[in-house]
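We just call them A, B, C and D in the order they show up, numbering each chain from 1.
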Amino acid sequence: MPAVPYTPRDGQYVATAEFYVRYAETDAQGIVHHSSYVLWMEEARLNFARSVGIDYAETERAGRLMSIVEMQVHYHSAMRFGDKVRAHCWLDSFKSRAMTFAYHIQREGDGVVCMSGASRHVCLNREGNIASWPESWR
Amino acid sequence: MPAVPYTPRDGQYVATAEFYVRYAETDAQGIVHHSSYVLWMEEARLNFARSVGIDYAETERAGRLMSIVEMQVHYHSAMRFGDKVRAHCWLDSFKSRAMTFAYHIQREGDGVVCMSGASRHVCLNREGNIASWPESWR
Amino acid sequence: MPAVPYTPRDGQYVATAEFYVRYAETDAQGIVHHSSYVLWMEEARLNFARSVGIDYAETERAGRLMSIVEMQVHYHSAMRFGDKVRAHCWLDSFKSRAMTFAYHIQREGDGVVCMSGASRHVCLNREGNIASWPESWR
Amino acid sequence: MPAVPYTPRDGQYVATAEFYVRYAETDAQGIVHHSSYVLWMEEARLNFARSVGIDYAETERAGRLMSIVEMQVHYHSAMRFGDKVRAHCWLDSFKSRAMTFAYHIQREGDGVVCMSGASRHVCLNREGNIASWPESWR
């Protein structure tokens, strides 16, 4: 397998969520459907937020929304029902008006990174205009 | 096959939505996952609303929400990717504070009713309290 | 709130899976979409299997499939993003050719049972015919 | 709005699927969840196949699978429940061992392209090895 893209830098904080593949996340090819990984990226990102003390539900109630503007996903190996997932997420870049997260979706057991990817987000206020991130996020 | 439950009464208005099974709606058994039918019941119900001139998005903006309180689903035959779906929905009962819809999910071609079921709904206002249905729905 | 249906019998084994509401599981009403609970029922059921030592992925490879034939779902209270879910599942009845599981979906914190329900399943062989459950399941 | 990426070449065949946003496809921000567009890309791609006479279900039965290896998604504008979707798909490149599709997800009415993107696929045989596309696809 070629080197996996989107590798965290040395010493970078990486948050990891662990869960089992859900049966509903598979498809008729007998493997996990490619859209399920997009759900796991989000789960990994929100787990990252929880793990650094950000309550995203509270952030939204306070009128700041994270809005996705771009996403890249690379599929390296198929996962199956019965597999346990390790969903890694880290902050790849943080600017005043945009944030990029990167992801590795890894299969527990053989440790293969089955998916790697990244997503870029901006902060919106209630009116849908681009705003700066909440103070507490810095 | 035994008689299918939830049959519309003679002369009752039945709205039908037609669409193809999506690949993402299948699972590793090679068939449509049972949760996909729940999405189709909702699609059939909202298609019913559209077909009788109700703009449900507008209803929500005006502060009235349909909230599901109960659902029964009977699975009769498996559907597969490639099948075309005919999702039938009709109003089974309408009371001041609750409405019941019934459903047949039918496979085009052989005409088999693969799922039948019903769902009961109440109307909520913005505060989450039970309210009466909008005037225009009567 | 009325008494919640589908209560486990005294001393009955109940398996509990714990996880956070996923953002994707919410809808435009700001609450968890009713179809998400159906995914959680399945997750609770497969967690039950894991907790009693059944490897369902292996069961399928050996040519026995659990097929759902009926489902009842009662919605008692809305859940939201930020809530932690406790998904309880127990075996309500076990016969040679059909099994019924029951479920409570509970919100951690206030402990409210937000959904209760049941699902009935039969065992199919590779040809799609009803078979008896694997020996090891008894 | 900046120019939308992934524009079809002059005279290129573009297949369009039309459907309404499903309520379940929205999230607590009141808009369509970003993962729903991934489902629509697939629907658009399979609609493309149907429209050029390819029966993808039959292709899989014959032992050839399309497997996604990479996906890019750009989100330009939020869609909502009530919107009607026009999901455009075209073949961006076709090589012996890989195919790239591109997509525009457009809102009917104002005609805004709310999402644009691309996905790259390879053909696998039953053993999971890379194979060439079926003859009939050329």
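Some observations on this one:
The rule is short, and it goes like this: a contact is a pair of C-beta atoms (placed from the backbone, for glycine too) under 8 Å apart; a residue touches a chain by one contact, two chains touch by 3 or more.
Because the structure is a prediction, the values reported are computed rather than measured.
Looking across B-C, B-D or C-D, the interface that copies A-B in more than half of its residue contact pairs is found at C-D.
Chain pairs A-D and A-C differ in how many C-beta pairs are in contact, and the one with more is A-D.
Centre to centre, using the average C-alpha position, chain A and chain D are separated by 22 Å. With centres taken as mean Cα positions, chain D sits 33 Å from chain C.
Here the CA centre of chain A is 27 Å from the CA centre of chain C.
Counting partner chains per residue, chain A has residues 23-24, 28, 35, 39, 42, 60, 80-81 touching two or more of them. Looking at the complex, you find that chain A touches chain D at residues 28-29, 34-35, 38-39, 42, 60, 65, 67-75, 78, 128. Residues 23-24, 26-28, 30-31, 33, 35, 80-81 of chain D are the ones that touch chain C when the two sit in their complex. Those residues of chain D whose C-beta lies close enough to touch chain B in the complex are 19-20, 22-24, 39, 42-43, 46-47, 50, 55-58, 60, 80-82.
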